[in-house]
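Chain nomenclature is as follows: A, B, C and D, assigned in order of appearance, with residue numbering initiated at 1 for each chain independently.
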């Protein structure tokens, strides 16, 4: 989220692609409604389903799943044709918009109507309304990302915003609504297969920086791995780890340091809500050891037929421990401990520490919490400190190390102060009042220094860097094919000493760029660049000059290191429009994609799926639950609201198959899996589509597995997991499953 | 639109009416008799008092979604007795959806997993923490030495705090594999 | 009878499975119910019930409770009871089956009617435990009556059909307003008894059904809904109104029935206990029947 | 002394059927599962332009019909307009439900053949006739937040501030401001005429 929920109140137009905040972020949605009331803001919703959000919209387009790119190109086509783009902004701050213009020219409203199913009139109406009401904010969520072209979708949306000059403005921006409460934070913390914390990546240099910051030798870390090369390769992802498990039948090649997976440790992750449940079950069944740490019984434990070595550990809930959480707008809050862990449960970190002790790396593992930066840019163990305090010392360790996204200012003390004084902040801007003046609520990152107040809106050049202003990041060189990649003259954060674009700040270039001279001590103390500068001198100097440490560059519309340099439409692997597949084919199959060969074109071209499986299937969230839903299904009042799994189906479609409201039906996937669910008539879906929530588990392909729960742990509601029938398909870059565009066949049960 | 209206709009049942209501309730407390017809009844004489004596209020954050709503938990003798309204939280303004309003029920749920267990020969068996951790660690050690650290997959959580998520990633790094991920992938 | 029992059990089962929150009253129909409440086009049953229950029902019941016995008290004082000599000649009119059925119904009524009054005047009794207990008895004792109501209807149906005699009976009000003992035209049952028969049977069934509606509150009655076009809450309101209004008639005639058997005709109650009726009594009060029996040589 | 009249109002333009109010209520008062003092209802779901949701509970009517029909007179109306009842007096006859325009009274099943227990309905978080904040009051009626000077929990926790509660003047002022800024013209709040005769 580049801006914040409160900031949406400043929008003149809100366009939502594939998100349903009224259901998924109900409290956040109040800011949308207030924008409508206070600001006469126009709410536009583009979704395959008439959602609760759509019910509040001024304009709504019912789009075919997986065709957001054509829709947005259609919008750009109209924008460019009418000259509605912000030319000055594009010239000064965007690289490669001409290529977008070329592609957009192909997507006339008529072509878009054919591909997306949205009438040309509606597209024109929406584009006009959105382009004429600025600033406009663009919202998206899983509706854009969960596609084979998810990455392209998420590039397309900012491009649309860039063309209209909506990026980096209050009331504008691309506001991605994150799902789980700390998915932003956990991602920032690099709980990922392809990066170290803080998006440092997996390059040797990054490992060396972290080794140093953690107080261990780089060689020590290398020794833990098979060899150094495996440190720099992506691991298995949540989406496809099962492919790597021993004895799992698959023709997809695995490259995992010469071994299959034999053990799985899951800490608070509802893996019964991930695509390809049948394969996940196969993966679980073939493990040597399965460890599940969760406050409730992770339903993977009852899904698997594995008879031995399944450990379930009672982890404490987040209310029984404390720590920092990051909301969707990048702001930090302190989650105080409410009660001591109930029953025998233990907080996650204690389980990890206990395991680390038994595995022999506890001291090295926790050493980072005992360290601090010295003034001369070195790291040292805090004199006299032998014990750490959880979580404050960990918070400070993170603040000390993660500089890429500017977490330097996120010390435990500051974040706690914000949470303690949450009444001192403004609802709309997040600006502090009284004693908290000069800071924004939760210090939204980048929070460059220990005194910086946070940056509520990313890429906003209308305010000084010290107050959260910045240009676009310089991350990909200074020029490409002879075109300047830095911002043009005149585009810079307010109050900057440099009134043009500039590169990211390094020890080498700081004197030249800022026009200053560093003293010898300073030079000796500071690191190679701002990202690894323990002394903080580089960032400090930048602040003094009103300069953003990461540079001031152009946003890239062209990404030359991705398979599609500009976002291109590609049909879903299982497309209902077989006639369009040849024109917009999927990617070539990709070897070693997070350690496993992943298929694209070979699946798409294998058969004409639409013949046998003519119905679109979309999945989504219910307001009553989140994620795999276990914690909500284990709450009695919530479970009573949605006691069973269901399928929203249009009466016309249902009656064609003889399915009555409230009776059971089968949903079959092209992979041969099936689920038995209750039909629920709904007009929110078109007659060629069904919708199912993804929060249920406990049943598998028609059989009740809830008997596998240990006594007294069965949740109050159970049902089929829709992800048993969501189709094969993974994003080309992130490997997110394609669950928002798939096909199925239904029949009466 | 003048600023007065702006404020009225933005705060809905805002602090002003909130206080007004508190004042009304206070007035009731202070009045001993309610001369009413037979349908009304004399209010019990009582002051505005705390139904949970000695309780303390803990500010914390909802775990349901990324909006980051404020939760005020009322705790008495180590028991979470009531969920209060975080009226002045700048994002949620006291609001909760059904999940957020039910956080207390989630924590106090009777169907929580209460102690470590292991499945052996298809039967669930209770374990002590020590046993469980020893057995898990031994298996991990064995796998690491025999097959390499990459034989193990770690899946962390977007429900963890930053510190936990960071230490989860760090755990995988110290164990020696990049096979670690979490829900951001779905 | 079996069929009826099954139906009753099925109703019970249905009612207990229906979840309160799923019912129309609190579910899908709720908004329509709210918007329709008191609207010109609606049946206005809600306001009607409120008005009746608020202002009339209790008063009418009080009127019945005081008025009917009061009238009989006067009758007793002024005209007095009819006394028939106990002769040797008796006729076995009610067999064991008849008597058991009747007694079950009688016991039910003896509990249902007073407990009904306790509910109607619940405020007088102060609500709470006692009234709640009476309410439960009121429902509980409906069960035996429900079981016997159909057999009872069948066993006396033939005798309870109205005929010409009844017109004459009504013209002289059964001769109860005179002290004379002259034969009165009537079959096995006189017109008054027939009236009671129909009120007890048809009224009783109506009371059972409307009562069951109110007792089970939210059972699903798709069919009834389709037939009447009424929402469930309106059916409940109608049931409450019918239950009360029918209650006036049932109570009034129940009191009459008791008065007649216990006081107005001395010893009449014996006939339903032993099964034998006195010749003299039959001769005077059921002369048509007496003639028939005589012809058959039963006396 | 002039007392304010306490009123509920649900702004259907803002209500998104998040069920926050009903769960907050159930949780705060620890109601048995199956009893929903407050319930959110959506009509015309999935039909553009016609779908709307609203949250309904006891509206605490001025001339409460429930109070008029109760055969045991278990209802009483506070000076501030809050309609309460005495559960120990209630016999569970259901008359209040027939009289109620809003379908507010509910009956838990207890005893033989599922006989209805004492009626349960929204108390506007004002408890009942028992000693304020006593254990028994909390058990029978739930929290008495009004006595603590707090807002009823449903409205306080409403995610979009669709559900409002308070003295009638304040609530009206908020609604008026919202309606006028929506530029959709003033309209009578849904169902208010029934509950309060527009007083």
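By definition in this document, a residue touches a chain if its C-beta (ideal position, glycine included) is under 8 Å from a C-beta of that chain, and two chains touch if they have at least 3 such contacts.
Everything numeric in this text was worked out from a predicted model, so none of it was measured.
S.K.: Chains touching subunit A and subunit B alike, please list them.
M.R.: D
S.K.: Name the most central chain, where centre means the mean of Cα atoms.
M.R.: B
S.K.: Is the C-beta contact count larger for B-D or for A-D?
M.R.: The comparison resolves to B-D.
S.K.: Among the chains here, which has the CA centroid at the largest distance from subunit B's centroid?
M.R.: The chain lying farthest from subunit B is C.
S.K.: With centres defined as the mean C-alpha position, give me the subunit A-subunit C separation in Å.
M.R.: Averaging C-alpha atoms per chain gives centres 71 Å apart.
S.K.: Let me have the rounded angstrom distance from the C-alpha centre of subunit B over to the C-alpha centre of subunit D, please.
M.R.: Taking the average C-alpha coordinate of subunit B and of subunit D, the gap between them is 26 Å.
S.K.: Starting from the mean Cα coordinates of subunit B and subunit C, work out the distance between those two points in Å.
M.R.: It comes to 59 Å between the two C-alpha centres.
S.K.: Taking the mean of the CA coordinates per chain, how far is subunit A from subunit D in Å?
M.R.: Once rounded, the distance between the two centres reads 40 Å.
S.K.: Listing for subunit C: what residues touch at least two other chains?
M.R.: Expected reply: 21.
S.K.: Using the touch definition from the top, which residues of subunit D touch two or more other chains?
M.R.: Those would be 18-20, 22-23, 27, 34, 73, 159-161, 178, 181.
S.K.: Hey, what residues on subunit A touch two or more of the other chains?
M.R.: Correct list: 26-27, 30, 37-38, 623-624, 636-638, 640-641.
S.K.: According to the definition of touch, which chains form touching pairs?
M.R.: A-B, A-D, B-D, C-D
S.K.: Where on subunit D is subunit B touching in the complex?
M.R.: 1, 3-4, 6, 18-24, 27-28, 67, 73, 75-80, 129-133, 138, 143-144, 146-151, 153, 155-161, 164-167, 170-171, 173-174, 177-178, 181
S.K.: Can you check the complex and tell me which residues of subunit C touch subunit D?
M.R.: Checking each residue of subunit C against subunit D gives 12, 15-16, 19-21, 25-28, 30-35, 37-38, 46-47, 49-50, 53-54, 58, 119-123, 125-128, 131-132, 135-136, 139-140, 214-217, 233, 236-237, 240.
S.K.: Could you pull out which subunit D residues touch subunit C in their complex?
M.R.: Interface residues on the subunit D side: 34-36, 39, 41, 43, 54, 56, 65, 68-74, 86, 88-95, 97-103, 106-109, 111-116, 191, 194.
S.K.: Could you pull out which subunit A residues touch subunit D in their complex?
M.R.: Residues of subunit A touching subunit D: 22-23, 26-27, 29-30, 33, 36-38, 40, 50, 52-56, 60, 623-624, 636-638, 640-641, 682-685.
S.K.: For the complex, give me every residue of subunit B touching subunit D.
M.R.: The contact residues of subunit B facing subunit D are 1, 5, 8-9, 12-13, 16-18, 20-22, 24-29, 31, 34, 36, 38-41, 43-44, 46, 48-51, 82-83, 85, 87, 92-102, 104-105.
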